[in-house]
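We just call them A, B, C, D, E and F in the order they show up, numbering each chain from 1.
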Amino acid sequence: MSTRPHGYLSPAAFAALQQASSATISTQLLKRGFRNTFMPGLVALRPDLRLVGYAYTLRYVPMREDLTLNQPLDNRTNQQRIAIEDVGPGDVLVIDARGDVQAATLGNILAERVLLRGAAGIVTDGAFRDLPEFRSMGFPTYARAAHAAVSWLSHYAADRNVPIGCAGVLVMPGDVIVGDAEGVIAIPAQVAEEVALAAAEQEELEVFLLEKIRAGASILTAYPPDAATLQEYEQWRNRRS
Amino acid sequence: MSTRPHGYLSPAAFAALQQASSATISTQLLKRGFRNTFMPGLVALRPDLRLVGYAYTLRYVPMREDLTLNQPLDNRTNQQRIAIEDVGPGDVLVIDARGDVQAATLGNILAERVLLRGAAGIVTDGAFRDLPEFRSMGFPTYARAAHAAVSWLSHYAADRNVPIGCAGVLVMPGDVIVGDAEGVIAIPAQVAEEVALAAAEQEELEVFLLEKIRAGASILTAYPPDAATLQEYEQWRNRRS
Amino acid sequence: MSTRPHGYLSPAAFAALQQASSATISTQLLKRGFRNTFMPGLVALRPDLRLVGYAYTLRYVPMREDLTLNQPLDNRTNQQRIAIEDVGPGDVLVIDARGDVQAATLGNILAERVLLRGAAGIVTDGAFRDLPEFRSMGFPTYARAAHAAVSWLSHYAADRNVPIGCAGVLVMPGDVIVGDAEGVIAIPAQVAEEVALAAAEQEELEVFLLEKIRAGASILTAYPPDAATLQEYEQWRNRRS
Amino acid sequence: MSTRPHGYLSPAAFAALQQASSATISTQLLKRGFRNTFMPGLVALRPDLRLVGYAYTLRYVPMREDLTLNQPLDNRTNQQRIAIEDVGPGDVLVIDARGDVQAATLGNILAERVLLRGAAGIVTDGAFRDLPEFRSMGFPTYARAAHAAVSWLSHYAADRNVPIGCAGVLVMPGDVIVGDAEGVIAIPAQVAEEVALAAAEQEELEVFLLEKIRAGASILTAYPPDAATLQEYEQWRNRRS
Amino acid sequence: MSTRPHGYLSPAAFAALQQASSATISTQLLKRGFRNTFMPGLVALRPDLRLVGYAYTLRYVPMREDLTLNQPLDNRTNQQRIAIEDVGPGDVLVIDARGDVQAATLGNILAERVLLRGAAGIVTDGAFRDLPEFRSMGFPTYARAAHAAVSWLSHYAADRNVPIGCAGVLVMPGDVIVGDAEGVIAIPAQVAEEVALAAAEQEELEVFLLEKIRAGASILTAYPPDAATLQEYEQWRNRRS
Amino acid sequence: MSTRPHGYLSPAAFAALQQASSATISTQLLKRGFRNTFMPGLVALRPDLRLVGYAYTLRYVPMREDLTLNQPLDNRTNQQRIAIEDVGPGDVLVIDARGDVQAATLGNILAERVLLRGAAGIVTDGAFRDLPEFRSMGFPTYARAAHAAVSWLSHYAADRNVPIGCAGVLVMPGDVIVGDAEGVIAIPAQVAEEVALAAAEQEELEVFLLEKIRAGASILTAYPPDAATLQEYEQWRNRRS
C-alpha cells in the first residue's frame, strides 16, 4: 500500500463526514476562509452512497499521437495504470481531465479494479465510458459526462499525486474528499478534522431548526437562530442525549 | 399577505393551466406574438407535480464582500429573507440569479419555509443547495444546477417584485408561471386568461389527433388536421361530452 | 418505402450491434482510424432500449420568418413532414439542428407517427418538445434538451438524406446508427459489417476479463490481456461454446 | 460564369447598399419582420472595405478520416475546390462551418484565387488560416477566428448553393450579403431592393438627426424625430438637393 | 441635473484615478478584501482615453414583444431614454445587459447625446451598434461586442440607478468607475478615496521598481521590494520631489 | 542558466522556423500524424515579432486561500518566481492556466524580467494584467485575454518543467514553440528539426504557387500543383538560386 499521508482523521471525524452534507461542509470551510471547495457540474452515479476518503490525484494532459495512439499501452509505465494498481483502502482517485469530455477518462473494467483494490471511490472532471455500468457498481463515482471513446483519444496521464485542479477546485494529495448526492467537496488536510467535527454540530442544530420550520416557525427567529431559539436547542439536545 | 396583483385568473382558466402542457401554452403564446416565454435549461426536481401560480420575483446581483461575507445577515433587511416571509398562497418565488451556478440561491430550510407559507413553488435560474432534498419536498421546484455553497458567496439580493430575467425570459411580478416535467413557462398577465382557455381547447384536439395517429393516420391529413379531420373531431368531442 | 441503401448488414452483424456497447464500437472504429464517431451530450430518453438502424438524415437551418412563422405549414412541401411520412422500417431519423436548443426539433405527435411507420428511433442534436412523453414512448430517442416551443421558432427543414453533422459527428445517409444508455454512435457504412463482428468478439473477451478482474486479477496481466491470459480466454471460450 | 440568380438589384439599390450601414439595414429588415439577419461574432479583416454581393453558399460538415485525411484531395470532385473555381463577379462566398474554429475553412492561396475570379468577398463562421494575410488582401473577408490547420482536419465540404446557416443566420443562395466594419448582414432576396432604398432614406435622415444632436438637440424631440423635426428635415433635404 | 451622490472624491483622489491603472486599483481593492471588481471581456473602443466617473446604472431585462416591438417607443416613459436625458457631468452610464450580445444596447446617436450631456463615458456588458463609430467618438466607451440590431430586439430597460451586475461585477449607483486600455473596474464608493490615494503611491513605487528591473535587478530583491530596495526607493522619491 | 534539453535545433532549422508560418508548420506536423498542435484563441500582443524557442513550462492550479491570499509571497519558494529567475536565452515561458481568465497569470513587471533574462517570449492560455503594456514590450507574448487582478486571486503555481496543456495542446519541456501573427504552435522535440526543414521547402513552393495564382492560374493545376506545375517550379527555383 502507498505511503501517502492519509488516515489522519480521527474515527469521530471520519464518522462525522459520513453523515455531514457537502452543503454543511461548504459552510464550515467558508467560515475558515475557503471559498472554492465544491466541484460544480459533477454527476453522482451512485447518489445513494456516501464518499469519504483521501485524495489520490491523477493528472491528465492533452494527448499527442506519439504518446498514445501510435504507441502500445504499457501497464508498467503508463501513469494511469500505475495509479490504478497503487490506490488502496481509504483512497479516492481524483482525476484532473481539464474538464475535457471529448473522450472518457476511465471505463468500467478499470473502475472495477479500483473498487477491488479497496478504494473509496473515483472522481473525474472529465467523462466515463461505460458510464451506465457505473450506476450499478458498488462504490460512489462522479463524472461530468459520458463518452464512449477510450481515454487516450484525448488524454495522456502525466503524473500522480501532484496538486491538481478538478472541476475548478484545487485538490492536494491527501486532502479529504467527501461526496453526496449533491456533489463532491475537497477539504484541505490541515482543517479536515475540525471541519468534520464542526459540521456534525451544525447538522445537529439544523435538524432542530428544520423541525421548528416545519412546525411553523418564522425564519425571523429560527434561521439563523436567535438567542431564544438557541436556548431551546440546548434543551432539545440535552433531552436527545 | 401581499397586495400583489394576483388571483385574477378565473377558476376555469386556473384549472386549465393545471392540465395544459408547457408545450401547448408555448404554442398559444406564439400565436399571440410572444416568442420567448419558455425557460430552457431548468431541471424539474419534482417532475411529477404541476406548478401554477403568480410570479413573486426576487432579483440577485453579484455579491460584494462588504454586503455579504463581511457583514452579519439581518433577516429584517435582507431582501431574500423578506421575500421568504412575504410570499404566500398563489405565489411562485422566481429568482433571477443571472444564470450563475457558482453558489446556491437557496437551500432546503428556506425552501421548507416557502412551502409552509403556502407558496406554489420556486423557480431559479441559478442553483439550489441541498438539491437532493428538493426531490422529496412537497412542492414543485426548478433550478439549473446543484451547488453546496450558500447564496451570499455569489449573490446579493437587490430587490423584490421588479421585472426580472429568469433563464433569458422576462418575468413581471404577477405573471402566471406554469411548470411541468418539461420545464417552466411565463405567461404575461394580460393574456393569461385567454391563453389558458385556448390551451385547454388545443389539448383536447390533440388528444383526438394522437388517437388518430396511433390508429395509423398519416400526418398529411391529421397533423395539422384538415377539414375532414376537424369535422370528425367535432363529432368525437360531442360524443365525449 | 424508401429506396435508400440500407439493409446491407448481415443478420449476424445486425444482431451483434444489438448487443455491443457504444464504447466497444468506438474502440473498433478507432482501430480503423475513425476518431470522431460518438455524439457527446445526447440524453437517452429510453436508456433501457437499444437503437440499431440506418441513418435517414434531416437537415435544419436557422428559421427565417418568411419561411416559417409567417407562412402556413404545408405537409406536402415541408421537408420535415415529408421525412416523417417517408421513414420506414430500419430507418433512424437523425436530425441536424446545429446544436440549437432554443426551440424543439420535434414533438411527441410527430414522433408517434415515426414510431408507427416502423422506424427504429430518432436522434437529434437539438431539443424535443413534450420530452417527458418520449420517456414512455415505445422506441429509443435521443436529444440534447427539452424545449416547449415548436420547431419553426428556430428551425427550417432544408433537405433530407444529405450528409449532416449531428452533435459534431458526420452522418451520411445509410450509415449505421447505434444507441445505448451511454449515447449514440455513427458507423460508416463501408466498415459497419466488420466493426459489428469485431465488436462482438471484443465484448466476449471483455466478459471474460471482467470476470478475472472481479476475481482479483491485476490489470498488469489482465487488461490488456497478456499471452497467458489470452490462452486462458481461449479455453474459457471453448468451454462456453 | 454561374447561372445563379443574381444581379437583380437595380443600380440605385446596389449603390445604396454600398453606403448603408449594417445597423440601418438591420432596422429596415426588422420593420419587415425579419429579426435574425446579422451574423454576430465575425471579425472584419478589412474593416475599411465594404462588402456587397450575392450569396454563393458552401456547406461544410464534420470531417471523417475516410473522406479527407486518408484520401488525396481531388480538385475536380471536392466541393470546396469546385466552388472556388465557380464563383465569379458579384458573388460572396459564404461558408457554413457550424461555428467550428478548431481548423481553418480556407487559407490565403485559395482566397487569392477567389479574389482573382472577381468575387466580392468571403464570409465564414469558422476560421481562416494565414489570417494575417487576409488583412492585406484586396477584398473584404470575415471570419470568427484564426487557426493554422488545414480545413480538412475538421471539415468536409458537402455541397454548394443550398440554404445554410452562417453564424446562426439563414443564408439562401442569391441572398444579398452586406458587410461593413460592424459585421455582416444577410438580406432575403425578395426584399433586398426595397430594403436598400429604404436604408438610403433612413441614413439621410440620420445624418440630419446626428447634426441636430451634435448641435445640442435633446432626443426628446430629435430621436425619434417629432413632427417639427421632420418638417425641419424636409427643408434641410430640399436645401441639399 | 440629478441628485445622485457623486462628486465625493477629493480633487487629489480624482486626479490619482486619472493616472492609476485598473491593475493597480485591483490590487488596492484586493488588499481591502474586494476580490471581484474588474469586468472581464469588455473591449475599450477608445483605449487611448481614460475613464473616471460615478456610476449611473441602467438595467435591462429580456424584451417581450408587448413592451418593445409591438409598441411605439415613448421617450418620456422609456427608462433608457430617460437615463440618456438625465446623465450629466461626472456620470458614467453603466448598462446591465445580462451579457446578452444578440442585439445592441445603444447606438452612436444616443451615445453622442450622452457625450453632449457631459457624461464621462459608457460601459455595457452587452453590444453596441454602429460600434465602429464609437472608435472615433470623443469619449471612452466599453462593450463586449458589436451587433447591428436595435436594443429592443433583445432588451427592455427596466429601471435606473439600482444595483446592477455588469460583466459579473456588482455596480451600485455612485460607485466610482475607472477604465483604461485594460478594461473597467468598479470601486465601491466608501473606499474610493483611500483606494485612489493608495493606488497613486503604489504606482510611484512601481515606476521605481520597473526602472530597477530594466536596469537588471532580480525580482528576488526588487519585486516585491526588500528592505534595502525600499530604502533606495525613499531616496529616489526624495530626489524626485 | 538551466540544464534543460534545448539548443538541439541546427542553425538552419532554427532559421527556417524564423520564417515559416504556423500554418505551414501545422501542415508538416499533420503529415507526420500530429493533429493537435496549434493553440486556438491566443492573441499575439506583438504580431510584428516572430517567436521561436524551447518550452519552459509553468503549471498553475486553482488557488486556495491558505496557499496564496492568506500567505505572504516568498520569491524563493514560489514556483512562478523561481521560473522567472530561471528562464534564460532560448526559453519560451509557457503557462498552463487551465484557460481561466478570471485573473492574470503575469503582469508587465515580471514580463520585463523575463525579457531581461533573455527569454524568447511568453505564452499563456490565461490572461495578462497590464496587457496594454505588453503591446510595446520588446518581445513576443501571447495570451487569451486581459484581466487586472493579480495571478494569485485565481492561480497557484504548482510546478515547472512538467508536461502541461496550453490552450488544449500538449507542451513538453523542451518542445519547440513557434509564434506568428496567427498564433502559437508546439512542435514535438523529436520531429522539430525535420519539420523545420520541410516547412522551409513548403514555403518556397508556396511563394511560387502564389505568384502563379496571382498571375491567373487556376487551382485545378496549381494548388495542389500538378506535374507540369512542379516542373515549372523546379526551373523557377533553379533560376532563383
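Convention: contacts are C-beta pairs under 8 Å (C-beta built on N, C-alpha and C of every residue); 3 or more make two chains touch, one makes a residue touch a chain.
In this text the structure is predicted, and so the values were computed from the model without any measurement.
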Query raised in the report: Taking a step as a move to a touching chain, how many steps at least join chain B to chain D?
Result: 2
Query raised in the report: Same residues or different residues: which describes how chain E and chain F meet, taking over half shared numbers as same?
Result: different
Query raised in the report: Same interface as A-B shows up in which of C-D, B-E or E-F, over half of contact pairs matched?
Result: E-F
Report summary line: For the pair chain B and chain F, the C-alpha centroid-to-centroid distance in angstrom is 50
Query - Whole-Å gap between the CA centroids of chain A and chain F - result: 36
Report summary line: Per the C-alpha means, the centres of chain B and chain C lie apart by a whole-Å value of 33
Query - Where chain D touches two or more other chains at once, by residue number - result: 35
Query raised in the report: Drawing the touching chains as a network, do you get a line, a ring, a star, a complete graph or other?
Result: other
Query raised in the report: So which chains end up touching which?
Result: A-B, A-C, A-F, B-C, B-E, C-D, D-E, D-F, E-F
Query raised in the report: Which bits of chain A are touching chain B when the two form their complex?
Result: 21-23, 25-27, 30, 35, 38, 40-41, 47, 180-183, 185, 206, 209-210, 213-214, 216, 218-220, 223-224
Query raised in the report: Where on chain D is chain F touching in the complex?
Result: 69, 73, 75-76, 81, 84-85, 101-102, 104, 107-110, 112-113, 116, 127, 129-132, 145-150, 153
Requested in this report: Give every residue of chain B touching chain E within the complex, in rising order.
Outcome: 33-36, 61-67, 70, 98, 100, 156, 158-159, 162-165, 168-170, 188, 190
